[in-house]
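Can you read through this structure? Questions will come right after.
The letters A, B and C name the chains in turn, as written, and every chain counts its residues from 1.
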């Protein structure tokens, strides 16, 4: 089941990477590269940080196959997908939830403490998107999009609490994914975001 | 022989990094930093992903020495090199071929499957250039330059096929490097690139 | 003692990340994310490259706690800190010195050669800042700020020399940190930088 969820998350993130490539007018292979790095990026970061190498995406061929399938779907069906853009955003929220839950669970299984587990969940969830946005020169979603990292952290926290309560792992994962995806989905609908600090300092230029 | 090829690839990528630094008007040390990260970047990514740490560049001093030599050559001989820019592009194509072949071979030796081996070859070949371009704020060559990743993937595929046919490793490496470098070289001359998807969607802004 | 120095360096880098987030008008969580990645980034790179995984920041909760504290301080006290911007720059110089010394010492303890040890020190020192600057779309400080990498390399070299002379580790670390922080501090005051190469080539566009 873990594996199936991981593949689903990989696929929806690959879709989001492929769309970003389309927006930046990349050619077909550029789209495939961006879809692949977006799809497997979060898992690569998670596995490298946990010392579980080669990462899962390199040990099981289906990860890359699923990324290429995502790129292919976007290349041949872009106009139809664009009309249903809302569904792409929902898919992205679903991927965020799955990856946060899986990342936090793997971190906890490696014996990380609570903050380390939260970070593992959040980095897994946002890693692919950060790679995607940095490569095309955009500010990463995690830094400015509403409730993006917040949702991933909240889901990871739910997994921690349910784990401490002794609930079965499938329940932990499902609840964590639902909380993350749900929060992100609500943020999308209401265009919510956290407050900003009010003061924007102009540092003196004497010391550069 | 593997080691000599790796050093040659490192040197030519260091040259390309140093040139990019010159273009962005970095000072001498900025050029040396960019040359070094470009030269060893692909190998660092490869070794970290395969769990072969510390990476080769940290175990053998000659990698960094070669990068610094590349930066030095560019700093003292920039005008003469700029006049022979075509040769720099050829050197970059040679580096791409060498790194694709070596990365794919190392991935295969670590027991990766076909897609994993292709990815190992491609990431090793393009990794240094991605780091270089991201650091100076340019769109990475791999996403939009003609036949860049395509060539690396094709060379890695050649290595896979020749390996499956049981040919000796030097033959595999040489053929893979020649195919990658050759394809990239042809793309340079003909200014070739893959087709783009024709439709550029404007996603509705209701859901951001 | 190593641990305390590492936490201090993490805290001051978290401050610098939080300030950068404020400058780019991120919301509170964006600031916390940027502060965290800046604070622990150099150590993550160091530990992943040395194969010491999960990295220290994932094994000891205090690293992330210190990063969040840094973000919190900046969010609630931004105007007052901005008035004392010089002190932030001094803190950044202190962090640079601590991380260069600790990174070089850890590299030497892992059996790296001289150049590898210098690189380990420099990457640890500048890694967090590179992540910070790339995420917000700025040219990384290490490529263009006066004496940034130079100072980290000089401190790492001091550690190497004192180690070869057989001095005790605390002495090595203190001297290395002081040299790096001191050089960076002098560069700040005098606005020093290394010379640039005079010639900026315009490569012919025939081969792109």
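Basically, a contact is a pair of C-beta atoms (placed from the backbone, for glycine too) under 8 Å apart; a residue touches a chain by one contact, two chains touch by 3 or more.
Fair warning: this is a prediction, and the values are worked out from it, not measured in the lab.
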Interface composition of copies subunit B and subunit C: same or different, split at half: different
For subunit A placed onto subunit C, the superposition rotation in degrees, Cα atoms, nearest 5: 120
Whole-Å gap separating subunit B and subunit C, where each centre is the average of the chain's CA atoms: 27
Contacts with 2+ other chains: residues of subunit C: 48, 51, 134, 137
Contact set on subunit A toward subunit C in their complex: 48-51, 107, 110, 112-116, 118-120, 130, 134, 137-140, 142-144, 149-150, 193-197, 199-204, 206-208
Footprint of subunit A on subunit C - complex, ascending: 19, 21-31, 33-34, 36, 44, 48, 51, 53-55, 57-61, 64-65, 74-75, 78-79, 81-82, 85-86, 88-89, 134-137, 145-146, 188-189, 191
